[in-house]
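Following: one structure in C-alpha cells, then a few remarks.
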Amino acid sequence: MGQLTYIEASARALAEEMRRDPKVWALGEDLGRGGVFGQYKGLVEEFGPDRIADTPISEATIMGAATGAALVGTRPVVEMRFSDFALCAVDELVNQAAKARFMFGGQARVPLVVRQPIGMWRSSAAQHSQSLEAWYVHIPGLVVVCPATPADNHGLLKAAIRADDPVVYMEHKGLWPLTGEVPDDPDPDHLVPLGKARVAREGGDVTIVTWSRSVHTALEAAALAEARDVSVEVIDLRTLWPWDQEAVFESVKRTGRLLVAQEAVQVGGFGAEVAASAAEALGRDLKAPVRRVGSPRAPIAYARPLEQLLEISPERLAEAAVDLVRGAVAA
Amino acid sequence: MTDRRNIDIPRLTAHYRTMARIRAFEEAAEQASKDGLVTGAVHLSIGQEGIASGVCANLTADDQITTTHRGHGHCIAKGTDPGAMMLELFGREGGTCGGKGGSMHIADFKVGMLGANGVVAAGIPIAVGAAHGAKLQGSNRVVVCFFGDGAINRGPFLEGLNWATIFRLPVLFVCESNGFASTTRTDAVTGGPGPVARAEALGVRAQEVDGNDVLAVDEAVAACVERMRAGGGPEFLLARTYRLKGHTASDPAPYRPADEVEARWAEDPKAAVARTLADAGVDVAAIDAEAKAEIDGAVATANAAGFPAPERAYDDIQDIGAPAWAS
Amino acid sequence: MGQLTYIEASARALAEEMRRDPKVWALGEDLGRGGVFGQYKGLVEEFGPDRIADTPISEATIMGAATGAALVGTRPVVEMRFSDFALCAVDELVNQAAKARFMFGGQARVPLVVRQPIGMWRSSAAQHSQSLEAWYVHIPGLVVVCPATPADNHGLLKAAIRADDPVVYMEHKGLWPLTGEVPDDPDPDHLVPLGKARVAREGGDVTIVTWSRSVHTALEAAALAEARDVSVEVIDLRTLWPWDQEAVFESVKRTGRLLVAQEAVQVGGFGAEVAASAAEALGRDLKAPVRRVGSPRAPIAYARPLEQLLEISPERLAEAAVDLVRGAVAA
Amino acid sequence: MTDRRNIDIPRLTAHYRTMARIRAFEEAAEQASKDGLVTGAVHLSIGQEGIASGVCANLTADDQITTTHRGHGHCIAKGTDPGAMMLELFGREGGTCGGKGGSMHIADFKVGMLGANGVVAAGIPIAVGAAHGAKLQGSNRVVVCFFGDGAINRGPFLEGLNWATIFRLPVLFVCESNGFASTTRTDAVTGGPGPVARAEALGVRAQEVDGNDVLAVDEAVAACVERMRAGGGPEFLLARTYRLKGHTASDPAPYRPADEVEARWAEDPKAAVARTLADAGVDVAAIDAEAKAEIDGAVATANAAGFPAPERAYDDIQDIGAPAWAS
C-alpha cells in the first residue's frame, strides 16, 4: 500500500487503464499540460498527444465527438473541467450518449467516462461550484459515480473506464489534495465495483447515507455524535446509479433511522430519492421519520463566509443525527 | 444533368435504382403515415434522392455515415435494407432498431450507418468523433455527415468543423440545402454569404454542387473521398436541392406558393435521370416497378409483423442499473 | 365562460399579455407560421414579426438572447418546441438566466418564460418525449409550472409572464386538444396564482399528488378506486416550484396516505421530493408508507405498445391507491 | 502607436489614465490573490488595457457591454468604481454584487456593464439579446461584447453572430486575441484563416486591429459605433494582443518560454502610451501615482470592510420559492 492523493490516484488509474487497453484515450482542454487541476500530469509524456488530446473550448463537441468515437469502438475519457461546463454539452450526453444503445436497439454501445468535477471550493461562486449528480441519476442509460477517497478514485475510475455504458464520474474539487492508502502494486484487475456502497464507519443508532466530500463531513459528525452517546453508521454510496439499496436498507433496518447528507441543493437532490425509497420500502419499520440535510435552494455565493454557510457542517449533521435518535426516543 | 456525352450509363442506372428505391420508400412511408400505420413523425426526402445516391456510391462498406430526421434516403443508399427500415417505421419487431427508435433513430451499424438523429445538428459532433475514432484506430475509412441547411445555424456546426480541421479528420460534411427548416425559409434566418463561406472560414475545403444532379454529386464526392483517404482532412459539400414535400408527411406546407413547388417538381432529380436513361434505351419503368414491388413487400411485411415484446422496453438500456422487467 | 382547448387557452393568454404589456414578446422557431403545434396561431398577424420573432435553429442563443433581452427590461416568452431541445440551451438557462439576479447581487432580474412542451405523445421516441421537470426544480432561481387544464394554461401562463423571475413553463403535448372552460371575458388581471395547488377531486382515504397530464390519469384512477370503495383525493400541483406543501400536507394529514403520480422517470423524479418531504414532515402520522408511481428508468421507446407501457395507467394508479389503503388496514 | 503627428494628446491622456487605473487594479488584485485575501480565481488583463480603453471611450453611459472572466479592465473603462470592484473581489459588503459574485461575475448595470461571465462565450448570446432588447425598445444604444480568442471555438460564437446579422443588431463583437486559452495556444486548436473570416462568413463586418495600440482601437471603434448607430448592424473587431501574465493570478505559466514573454513586455501598450505622452510633456508618473493611490485606497477599504451578512446568501434568488433565512 502507498499513500496517494485523490488526484494522483485518478492519474494512476487512468495511466494503468491506458497501458492495459490501447482503446482508452482522454480528451479535454489543457490536458497536454496536465489538465486544469493536474489530474493528467505526466500522461501526455507517456501516451502522446493522440491519446491525451488537447481540445478547443468546445464542450458540446468534446462530448459529442467522444460519443461518436465510442460508438465506433474507442473508449474515451472526457474531461469537462468543472461539472458546470458540462451544461454546455447536455444534448450530447443526455440525448445522444445516454440513449444511443437503447434507441438503436442494442446495435452499439457508448463506453465512455465523463469526468465532471463538482462541489464548492474556495469561493468558486455560482458557475463553478454546482453538484448536479441528481440530474444524471434521473437519466436512463447513465451510470453515476462519486468517489470520496483516493482508493476509490483509483478503483472506481478504473471500473468506470471498463464499463460499457456512459459513466458520469464526479470528483470533488475539495478532495484533490486528500491523501490516503491506495494499493501500491495492484492486481491490474483490482477494481472497486460499481454499484457497491462502503460502510465508512459502523454504528447502531442512525445511518447517515452520503457520498463524495460529504462522507468526510459525516465521519466528523459521527465523532461528534459519539461524544453525545449516539452511534452513527456512515455509508459512502460511491455509486449513485445504480445505488446500493441493499446495503442501505440493511443498515437502516438495523438502526431504524436514516439521515441523508448531501452537499447539493436539497430540493430535488439525490437525497430525495434515497429518502423516498427508504420511506416507501421500510415504512413503519423506521424508528423515526427519514431526514435529509443538504444545501438550501440558493445559487452558491462567492464570499467565503456565505459559501461556508451553504456547506453542510459536521456540527449541523451531528445535531440532526442526535435529534433523530432523541426525537424518536421521545416519540 | 452533367454533360451527356460522357455519361457512364451503368453507373447512372445504378444511381437510378437507388433513387427509385428511395422514392418508392418515401411514397410508401407517406401513405402509411396518412393511413395511421406509422404513428411517429416521418420526414420525407422526396426530391433529395440524388444527393443520397451520389454521395453513398463513393463509399465502401467500412465507411460510415450519420444522418438526420430526414435520413431514409441516406440509409438506403448506404445499404440498409428498406424492409427493416419499414418495420422500424411501423414500430415492429425486426426493425433496424427492433422498433425502439423509429424513423428518426434508424441505425444500421453493420453497413456503417451510425444513426439518424432527432436533434438538428447533433449528428455533426458524432460524425466527427467517428472520424476521430478512425484516426486513432489507424483505419482509412471515411465518414460522411449529412445535415440540412437549418443545421448550419446551430453551434455544433462551428465546433464540429473546427474540430475536424484541427485534427485533420476524414469527414465529408454534406449540407442538403432544401430551402426550408420546417416552415421557415432558411434564407430568412441565415446570415452571411452562405454555407461554403462558413465552412472555409473554419478551414474546411468546401464546394457547391447541384444536388439535383446525381452525377455532379457523384463526381464531386469521388474527388472528396480520394483526398480524404490521402489524408487531406475534412471536406464540405453544399448540395442545393428542394424539399418537394412538407416538413413531415402530415404537413401540407401552406406557407409556400403552389407554383413555386410546381416549378421545383420540374427539376425532380429522379425524373431527370429517368429521361437520360430512357434516351439511352434503359427500361426505367422496369426499375421503378422493381423498386415499387420491393417496397410494397416491405409495407406488407411490416403491417403483418408483430410489435416488439413488452420486455424490449427494458432491455439495451445499460449493463448495470437497468430496470427489471416484471410482466 | 367559454370552451377552449389547452392550446387555444395558451394562445389567448399570450395575446392578452402582449396587449397589456408592450414589453412582452415571443421568440422561437416557426412562430410566424403559428409554431410547430399551432400555439402561436394568429399572433404574428396581430403583433407583427418583431414581437412574434422567427428565429434560426439556435436554441442556445434563443435562450441566451432572451436572457440578455430580459436583463435590459423586455419580457421574452421563449419557445423551445420540445423540452428535449432545451437540452441544447442548458448553460443559458441554468448557469445564466437562473443565476444572474443572485450573482449580480440583485441589480437585475430575468423576467422570462421558457415554454418547454413535455411528455410522451404518439410514438415520439427517446428524444422528443422527456419530462425533465425535476431538473429545473433542483435549480435555484427557477420557477417551474406544469399546467394540466385549459383554464390553467390560460391563467398560469399569464401569471408566469408577469413573474419577474425565469419560469420554466412545461405544457404537455398530449393535452393540446383537451377542451375545457376558460373565463370568456376575464378580468384582465385574473390569473391563476403561481405556487398554489388545486384540489381536482376530493376524497378521504388517500391523496394522489400529481401534475400535468397525469392529473387526468389520476382522476380516472380515482373513479376506478371509488368503484372499489376507496375514496381518492387528487391534488393537481400546477406549480412544482414553489410547490404547495401546505395544501399537500393538509390533505395527507387528513387521508393519512400519499401516492405521488408522475409521467417522468420515477428515479430522481420530482415525486421523490414530494414523497421525501411528506415522509420527513408527517412521519408517523401516516397510515401507510408514502408511495410513488412513475416511469421506469428507461429511454422512451418508439413502438406505440412499448411507449404505452411506460405511461402510468389509471388501472395501475388505482391499484396502487387501493393497495395503500388495504395494506394499511392490514398493518 | 498610430502616426504621431496627429495625436490628440488630451484624448490619449484620458486613455492613459484609464489604462493606468486598470493596470494598478490588476497589480493589486494579483497581490491580494497571492496574499490569500482574494480567495476566488482572478484573471488579469495586464497587457490588454489598450483594448478596454480604446473601445469604451467610444461608448455613452447608455451603451452596454458584456465581458468575460478577464473583465476587470472593461468594467473600469466602462465606468465601474474600482473600489466596489475590489470589495467584490474580496467578497465584501459594498462590492458591485454585494460580494456574491466575485471577480467572474462583476456587474454594474447603472453604467451599462451587464456582467462578466464564468462560462467562456456565454456572454455572446446575452450581449446579442441586450441589443435585441434595444431594438425592440427603439433605443439607439449599442452593445459591446468582449470575449477571448478561445471563445471563438464555442457554438455560441456562430449562433450569436448569425443572430446579430439576421436581426441587424447594434452589437460590436470584440475578440481579444491574446494567444492563449488557459495553458493552450489558441493557434493549436483554431482551424481556418482566423476570426475575421469567421465573422465575415456570418455576415458581420469585420476588421483586425493592433490591440496594443489604444489609438488604433479607438479609431476603429469610433467608426464601428457610428455605423451601428446609423443602423448598419453588427461589427466585429479582432484585437491582437498578448496575455502578459498567467491564466490566473496563481498560474506561473511555465508552458511558455521566458524570452517570448519578455519580447511581449516590450510591446506593453501602457508603456507605449507613456512614452508618447512623456515626449509630449505629459507627467505620466503623476497619473500612475494617482491611479496607484486610488487602488491602494480600494484595497485598504476592501480589507477593512465587513463580509456580507449571512442572510444575503438567501436573498435576491427569486420572488417566490426562495429559501427562508433562519439564523
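Letters A, B, C and D mark the chains as written, and numbering starts fresh at 1 in each.
Methods note: contacts are C-beta pairs under 8 Å (C-beta built on N, C-alpha and C of every residue); 3 or more make two chains touch, one makes a residue touch a chain.
What you see is a predicted model, and the numbers here were worked out from it, not measured in a lab.
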Problem set entry | Comparison of B-C and A-B by number of C-beta pairs in contact, larger one | A-B
Exercise. If every chain is reduced to the average of its C-alpha atoms, which one ends up farthest from chain A?
Worked result: B
Problem set entry | chain A-chain C separation of Cα centroids, rounded to whole Å | 30
Exercise. CA centre of chain A versus CA centre of chain D: separation in Å?
Worked result: 36
Problem set entry | Whole-Å gap separating chain A and chain B, where each centre is the average of the chain's CA atoms | 40
For this session: Could you check chain B for residues that touch two or more other chains and list them?
Result: 97, 99-101, 105, 117-119, 153-156, 159, 162-163, 166, 188-190, 317, 321
Problem set entry | Two or more partner chains touched - positions in chain C | 55-56, 58, 60, 84-85, 88, 91, 95, 102-103, 125-127, 140-141, 241, 296-299, 301-302
Seminar exercise, completed: In their shared complex, chain C is touched by residues of chain B numbered 39-41, 88, 91-92, 97, 99-102, 104-105, 117-121, 150-151, 153-155, 181-184, 188-190, 255, 307-308, 310, 312-314, 317, 321-323
Problem set entry | chain A-touching residues of chain C, taken from the complex the two chains share | 84-85, 87-88, 90-91, 94-95, 98-99, 102-103, 125-127, 132, 134-135, 137-141, 241, 264-265, 267-273, 275-277, 279-284, 288-292, 296-299, 301-302, 331
Problem set entry | Residue ranges of chain D touching chain C (in the complex, touch as defined) | 64, 66, 95-101, 105, 107-110, 114-115, 117-119, 122, 124-137, 155-156, 159-160, 162-163, 166-167, 315-321
For this session: Name, in rising order, each residue of chain A that touches chain B in their complex.
Result: 25, 50-51, 53, 55-56, 58, 60-61, 63-74, 76, 91-92, 95-96, 100-108, 140-143, 163-165, 194-195, 241-242
Exercise. Touching chain B in the complex: which residues of chain C?
Worked result: 29-30, 32-33, 36, 54-60, 84-85, 88, 122-128, 296-299, 301-306, 309-310
